[in-house]
Each structure stands twice: as C-alpha cells, then as structure tokens.
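The following pair of complexes shares a single chain, chain A, combined with chain B in the former and chain C in the latter.
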Partner chain A sequence: MRNDTPIIIGLIAVLLLWPLVMGDYAVSQGNRAMIYALMALSFSVLAGRLGWFSLCQTSFAGISGYTVAILGVKYGWPAGAVIPTAILVAVAFAVVFGLLTVRSRKVSFLMLTLALGQMVWALSFQWVDMTGGYNGISGIRMPMVLGINFNDDRIFFALLAVVTLLMFLGVRRLYQSRFGLLLLGIQENEERMRALGHPVYLARFVAFVLAGAIAAVAGVFLVFDMGIMSPSPLGLDHAVWVLTAAVLGGYRTLWGPALGVVILVALEALVSQFTDRHTMVIGLVLLLCILLMPRGLAEVFGQFRNRKAKSATASS
Partner chain B sequence: MAEPIIEVTGLDAHYGLSHALHDLHLQVGRECVALMGRNGVGKTTLARALLGLTPPRAAGTIRVFGTDVQGMSPHRIARLGVGYVPQGRRLFPSLTVDEHLRLNLRAGPTGEAWTVEAVYDLFPSLGQRRKSFGNQISGGERSMLAIGRALVTNPGCLILDEPTEGLAPSVVETVAQGLRDLSQGGVAVLLIEQNVKAAAMAADRAYFMAEGHIVHEATDKAAMTDDEVLGKYLGVSA
Partner chain C sequence: MNLDTFIFLALNGLTLAALLFIMASGLTLAFGLMRVVNLAHGAFYLLGGYIGVHVVHATDSLVLGVLAGGVVAMVGGVLMERLLLQRVRGLDLSEALLTIAVGLIIADALLVAYGGRPISLPLPPDLRMPMDLGVMMYPTFRVIIMAVAVALGLVLWIVMARTRIGAAIRAGVDDRETAMAQGINVPLLFAGVFAVASFLAGAAGVIGTSYMSLSQGLDVRVLMLSLVVIIIGGMGSLKGAAVGALITGMVSSFATGYLPQFALFFLFLPMTLILVFRPQGLFGRTT
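And then the complex of A and B:
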C-alpha cells in the first residue's frame, strides 16, 4: 500500500480543527459526513476487496439504529446496554444475510442484497407496533457520561471523529494483512485461491460480517445524530447514495469512500444554496466524474502522486 | 517407491457427454514423475481431478497421502499438502511478488522449510522484483513465482501443469533443476510437460497419455527419451 501517513495526519488536523473553527451547520454536516463515510467504508470493504456490490449495508445501519430506538425509547434500557446490543443485533442479521449470499457473485449478489435490504425497509414501516411505521420513533438522546453532554454537536463530533478514525485505521490494517490479500486474490480468481488451500467461502463470509459490523456502528451514531429513527435511512435511495459516494471517491482505495462522501455532502450543501434543482446539478457532476474517472478520485490522485514521484526520481 | 503419495486407481471421468479419462492407473512416490502427451489428451483433466477442481463424474479412486480425495473440496485437498502450479501460471495482477508469497506461506508436510526468503534464494531474479505486481514480471519470473507460491505452502506433493511452456531454454533448465532438487528432497512431483528436454532433466520416469488413456510407461530416463516413443506419442524426436 502507498504511504498514506500524510493523509492520516492531515485528516487528524482537519478533524481537530473543524469543531473549533466552523459554524454549527458545518459541524452538523461534518457529523453526517462521518456517519456516511463509515457506511461507504462498509460498502467498499466488500466492493473493493471482493467485487461484491452490496445494496444492504445501509440496512445494517438501519437495524442497529432501530434497535437503539426500540430498546432505548420503548423499553427504557440504559444506553450502556442499548449500544452493544444494537451492534450485536445488526451483526446477527449480517451473519444470516452472509450465509444467504456467500455463494453468490456479482449480479446475483447485488440482487440478493437489494431484496434483503428492501425486506428490512418494508419491515421497518409495516411493523407499526414496534417501529412506529412511517412516523418512526423519536426522542432518542445520547446519555450524559461523567457530566459530559454528548448531545452537544461538537462533543458528539469529537466522539464520532475518534470512532471513525479508528474504524478506518482498523480497515487499513485489514487491507495490509494476509486476510486482505486473500480477499483481493479471491476477487481475481476464487478457484485458484481454493487450489492454493484457502477456504474461499469462509473468508467471504467473515468479510461480509465485518462490513456489517462497520455499518452497525454507523447506525448507532446515525440514530443519536438524528434523534429519531424512521424508515427513510433504510430506503434504496440511501443505499444508492452510499454506493455513489464510494464509486465517486474510489471504492478500491481505503480513503476514497470517505472522500466521495465529503464531496457529495459538500456539493449538496453548496448547490442547494443556489438552486432548488440541486439533485440535477449533482447528477450532472457525478455523470462527468464517472465518465472521466471511472476508477474514482482517490485513484486519480494516487496516479498523479506516482507520476510526480517517478519524474522526481528520473530527474535526480 | 516405498509409499505412493499420489495413487490413482481405475479413474474414469466424464465431462458432459465426453469420456475424458479411461481407466487410469498411476502412482507417484517421493520422486519426480513426468506426465506427457499432446494437447487435449487429458493431462490437465487429470490434474484437475487430483485437485478436486470442477470435479468430473468419475469412477475409480484417487488417494493423496493415503486419503481418498474424491468429492473433497479443493482447499481441503490443498491443505493435505498438495501444491499446484496451474497451466499459464495464473498469477494475481493486483498482488505483488512478495504478497503472492506472504499470502500463501504456511506450514505443511515439509514443516516450515520453505519461507519467502528460501524462495528468493532458489530464484534470485524473483528477489529483485518483490514489489512488482503479478502482471509486471517476465514469463520466466511468472513461472518461478507460480512455483514459489506453491512451495511456500510447504507441500509434500507438487503438481505442475506445463511450467516451462514458453520459457527460454536457460530458464527451463533452472526450473527443471529446481524440480529435480525438490524431488530428491522428498517431495512427490508430478510434472505435466510437453517439453521433452525439461521432462528428461527433472523426472526419473514418465507416463505417456493419448486420448484419455495412459498408453505407455517409461520406467527410466533412457526410455523417456526413446525416439520411437516420442515420435509416436508426442510427434517429436529427442
């Protein structure tokens, strides 16, 4: 993997300064960006390492979000019990979905995750007794811990920034590990990997559950950030939004998905100031980006850096 | 040949309507055995049957290290200690030379004798290309890496499908010598080959295949390079 220490240092600097210098709106958009960056990361672990384009990663976030809302608001569980339970419930769903999808490939995987995601979405508004239907469940608040009020956007930002950074560094480690290499090899040719003695299905299953766990963590932050859980984050449009961000940024790289999310969030915030037809403008920008940079922004930057490094060594 | 590592008895295999292998009997001990024949006679089919890849409808038994491997999944067969070097090398373009080796490094029947560095010692030119990707190295290096990738699994048995195909004569010699050393070190080597020189250099004896049958067995080097046999089954002369 390319040396990305400057990216990490730069990112830490931005995350430290952002809540200190930026206004309330920018901080809340920053929170949203980090939550969706985690979902895009979850998507990219599968898409970039295994060639598996999933439309149900946002469902895992939705499941953990609903679990927080239901247990916390309806049953009055304390947050300390709600949060780990929510992640476990979402991971349990990932285990089941993983067993169903592990033998599928490419298009069949996409269709299976579409179907599973739509089932969870339908459940979220049809199981009215439990989920509150379209109205959802409101009144979800972060707990006070040691006198710190995590409902404050800036304190929430700090906590989320730490978790997001740790998750990305964890996945970075994963990509560099033998397991990460194994996934890449499986994407290229699973039969060859089998002949070399690697348990292909097991590896894919583990990757699927790991990606589900990342999305589950995103879901916990999502529900506390919004203060309300409704079916909309489980909808297909959100799944497609995450896919778009990851593809735009470069789903085969570690930082690409985060970059894609930041650009989309920034575009939405900027363009909507000038026109009501902001989705059309954004669509046009995306169209151009994907036509001109089919492998995503992060890979374009990477190639640019490589070329600079090459010309530097050539001239010295 | 005290204990056969690979033991094929009465193997019959069908793919769809075609009868690919007919009543094959073959044994490989701790030695290097060549499997020779023209294109399309069933050599690769046999290798794939040994490895459990796309299992054909088959009768007969295949034993590897004394275990009946018919119907076993390929990764379990590989974990018994079977290394495979597929035809055309088949490397991973997105992995570097070093990553190919690191990924597959594990203890096997030969313990942990084969390390990443040991492969670089065997093939020094590979050691200079550690950071190159699988599609950025020369044909000879690809062949060496495909063999190295199998070696780091520390196999007790190595199956190679035309590893010298398309290589320069000097590189063929390096590869053949490497295989010879391996078999003398106690690894069972089954070498599928059309290159008579490479086979004669590496192997102690040979089976000849034609149209899905084993049609001839050469029990020593002299018999392997016999002009009449080569002319009949390979269409070449030594």
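And then the complex of A and C:
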C-alpha cells in the first residue's frame, strides 16, 4: 500500500474545519456523506478484496436502523441498550446471509444479495405492525449524554467524523494484515489458496460479517440523522447508489469509496437545481463508470502519481 | 379452512406460477446461453406493460397489446445488447452492472412519464367473466394466463430440444469456441436469444398487468421474484424455471392466504433451503 499519511492528515484537517467554517446545509450534507461513506466502505471491503459486489450492504444498515427505531420509539429502550442491540441484530442477519452466499461466485453473489436485500426491503413494507409500513417510524432522537446534545448537527458531525475515521483506519489495518492479503489471494486464485491450506470459505464468511458490521454502524447513524426510519433506504436504488459511489471512487483502494461518495453527494446537490431525477443521474454515472473507468478515480490518480514519480526519477 | 378456499388458493398459485414462468424463462434462457444476468429484466417488464396498456386502450385488442409490449421491450433489449453489453463482453460482472444501470434509468423514465399511480389492464368483458372449471368458477383471463405459460413452455422446450436452432444454442452454451469453429454464428445466436428474452419480459408485463397493477417499484419486485425462481430452479435451466415458478407461486399464494404477515418469509424459505442443500439450484449444473 502506498504511503497515505498525507491523505489522512488532509482528511482530519477537512473534518476539523468543516463544521467550523461551513453553513448548516453543508454540515448536514457532510453528515450524510460520512454515513454513506461507511456503507461504501462496507461494500468495498467485499468488492475490492474478494470481487464480491454486494447489493445488500444497505440492507444491514436498514436493519440496524429499524432496530433502533423499533426498540427506541415503540418499546422505549434507553439508547445505551438500543445501539449495541441494533448492531448485534444486523450482524446476526449478516451471519445468516453470509452462510447462504459464501459458496457463490461473482454474478451469482450479486443476484443472491439482490434477492436477499429486496426481501428485507419488502419485509419492512409488509410487516406494518412492527415497522409502520410505508410511513415508517418517526421521532427518533439522539440521547443527551453528560449534558451534550447530540441532536445538534455540528456535535453529531464531530461524533460521526471520529467514528468514520476510526472505521477507515481499522479497515486500513485489515487491508495490511495477513487476513487482508489472504482475501486478495482468494480473489486472485481460490484454488491455490485452498491448496495452500487456507480456509477459503471461513475467510470469506468472516469478511462478509465484518463488512455487515461496518454497514450496521452506518445504519445507527443513518437513523439518528434522519430522525425517521422508512423502507426507502433499503430500496434497490440506495444499494446501487452505494455501489456507484464505490465504483466511481475506486472500490479497490481504501479511500476511493469515500471519494466517490463525496463526488456523488456534490453532484446531486448540483443536479438538484435542474432536475429531481436523481435515480436517472446515478444510473448514468454508473453506466459511464463501467464503460470508461471500471477501476475508478482513485486508481486513475494513482497511475498518474506513479507515472509522475517515475518521470521525476528518470529526469534526475 | 375449507375446501373451496383451498382450491381457490391453489388456482391463484397456479396463475402466479404461470406468470412467474413467463417472466423468468427469458431471464434464465439468456443466462444459460450468455452467462449474462439481465438485471434490467424488471424494467423491461414495466416498459412492456405500460406500452401494452396504451395499445390495448387504443385498439381494444389484447393480442396487439401483448405483441406491442413485447416488441418494445425487445427493441430495448437488442439496443442494450448491441450498444452497451458488446463493449464489456466476457466481463460478466460489468455486464450485470450495466444492466442494473439501464434498468434504473428506464424505471425512472417510466416514473416521469406515467407518475406513481397504479395502472391496471382494461380487460374485455368476456375475459373478465368467470369460467366453470368443474371444481369452481374462476376468471377466464387467469385460465388463459395458465394456458399461455404451458404453451410457451412447450414451444421453448421443442425449439431447444428438437430443432437445429436449439441444437446450435445448446452447442453454443456448452462450448463456444468449438461451436464457432463448426460454423455456428454464436454472436448472432446470442443477439437472437437476448431479443426473445426481452420480448418475453415485455409480453409478461402486459399479461401480468391483469394480476398485479403497474406501479412504481414493480420492476424491482418482478426482478426479485424472477431471481428467486431461477435461483431455486437452477440458473440457465428451462425445466428449473418451470419448477421454481411452481414452487414460488404455490408457496406465495398459500402463505398470503393463510399467514399474510409472513408471506415473504415463506417465499424466502424454499430459496434458503435450496441454497443450503443444493447451491446450484434444482436443475442447475455446477461449472
């Protein structure tokens, strides 16, 4: 992995300055971007390391979001109990889905996760007693802790920024670890890894559950950010949104998915002045990405940097 | 639980199974031949449905409506295959992602054109009349859906198993290079199968409109159901699509009748069992 310390320092600087300098709208967009960056990270762990394109990562976020809403609002559990339970419930779903998908390859994995994710979506619709159906559950508020009001957008931003950064750095560790290398090896040549005595299915299963846990954390922030939980974040268009962000930014790199999310959020803010056909815009972006640069912007930049470094050493 | 309800639910299950088979047969055929999962399938279904309803309104002819819906979806499918999928041929994941993008764009365009309100098919009066099946009265049109599905299954089976074209398709599936060396024009064959598959999606959209009305989000529901059917049956297998449709239709109908809250869970159950015990599907081949 290339030395990315400048990226990390720059990112910390931006995250520190953003809530101080920018207006309310930009701060709330920043919150949204970080939540979706976590989902894109969850997607990219599977896509970049295993070649598994998942369309159910947003479902895990939705499951933890619904758990927060149902336990918190309907049953009045305290937030300290709700949040860990929500993450556990989503991880439990990830365990089940992981067991069902662990043997599948590329395209069948895509189809399976699409079908599984859309079942969760349909369940959120049909199970009206529990989920409130199409209207969803509203009135979800962050708790006051030690007199700090986390419902304030800027304080929420600070908390979310810390968690997001820690998650990315955790995944960075994962990518550098032996386990991360094993995942890459499995993507490259599954049979070879198996012949070397590595537990291929177990490794893939663990990666799937880990990615599910990342999405589950994103879901907790998502539901507190929106204040309402409805079926729409579980829809296929949201899953494709996350996929598009990761493909656009470069799902094989660590920071690519975050870059893609930032670009898409900015693009949507720009486009919304002319049209509200966001889904169509996302579809077009995905189409162009696949046709023109299937590996994403981060790798285009990376190649550019390598070439510059090479020509610099050649000329000196 | 009485016998009449039971028979009624069984007939509903058969109708749904027939519809699912018409939806899924195109998807599974295209997959079997080209290893392309057309995830725009649901969007083509919706496109065919809307166009078909227009034509039925304009001409009062159901047959024309079904044909029009099918042809429009077929044109869409062929354009997608020629203009987009050709560019990434062989990269099966890229192909699938392209079809997702196309599906999103089509569905969103349809939402702009028709708005979110549900539209259903204006059936001619003689088709709306119930028909005496011996055990009970049942809407004529649903009986026709079942007949169409059976006829379609027979035609596809005969073409695949008994004709030169079918033999060429099977050869193309088994070993593409050798088939091409034997003088079979595999790319043309692929385009043809893709056209037929898209036609079936569009035609299913018109036929299905009498059973579930066209609305926003239906494209994704249709796609999900079709995927469930071919995951159960085995991707690429026509027989599998038929059996998968039957299982899914029946389970869905009885679950909706007796335990509506858990209808989805029961829809999900056969697929889960299949994935655990036979990941390649009932009639799928391991590759």
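FYI, the second predicted complex is superposed on the first by the 297 of 316 C-alpha atoms of A that agree within 3 Å, B and C clash if a C-alpha of one lies under 4 Å from a C-alpha of the other, contacts with A are read in each partner's own complex, and residues count from 1 in each chain.
As a working rule, contacts are C-beta pairs under 8 Å (C-beta built on N, C-alpha and C of every residue); 3 or more make two chains touch, one makes a residue touch a chain.
Computed from a predicted model, the values in this text were never measured in an experiment.
Asks: Tell me which of chain B and chain C touches more residues of chain A.
Replies: C
Asks: Applying the document's definition of touch, where does A:115 land relative to chain B and chain C: first, second, both, or neither?
Replies: A:115: touches chain C, not chain B.
Asks: Looking at the overlay, what does A:196 touch: chain B (first), chain C (second), both, or neither?
Replies: first
Asks: I'd like to know which partner A:107 touches here: chain B for first, chain C for second, both or neither.
Replies: Only chain C; A:107 stays clear of chain B.
Asks: For A:146, decide between first (touching chain B), second (touching chain C), both and neither.
Replies: In the superposed model, A:146 contacts neither chain B nor chain C.
Asks: With both complexes superposed on chain A, which partner does A:292 reach: first (chain B), second (chain C), both or neither?
Replies: In the superposed model, A:292 contacts neither chain B nor chain C.
Asks: On the A-aligned overlay, A:20 touches which partner chain: chain B = first, chain C = second, or both, or neither?
Replies: A:20 sits against neither chain B nor chain C.
Asks: Quick check on the complex: what are the chain A residues that touch chain B?
Replies: 178, 181-182, 184-185, 187-189, 191-200
Asks: Please name which positions on chain A make contact with chain C in the complex.
Replies: 51, 53, 99-101, 103-104, 106-108, 110-112, 114-115, 118-119, 121-123, 126-127, 129, 235-237, 240, 243, 247, 277, 279-280, 282-284, 286-287, 290-291, 294
Asks: Mind listing the chain B positions that touch chain A in their complex?
Replies: My answer: residues 51, 53, 73-75, 78-79, 82, 84, 86, 90, 92-95, 99, 102-104, 106, 149-150, 153.
Asks: What does chain C use to touch chain A in their complex?
Replies: Residues 35, 37, 39, 84, 87-88, 91-94, 96-98, 100-105, 107-109, 112, 217, 220-221, 223-224, 227-228, 231, 235, 261, 263-265, 267-268, 271-272, 275-276, 279 of chain C touch chain A in their complex.
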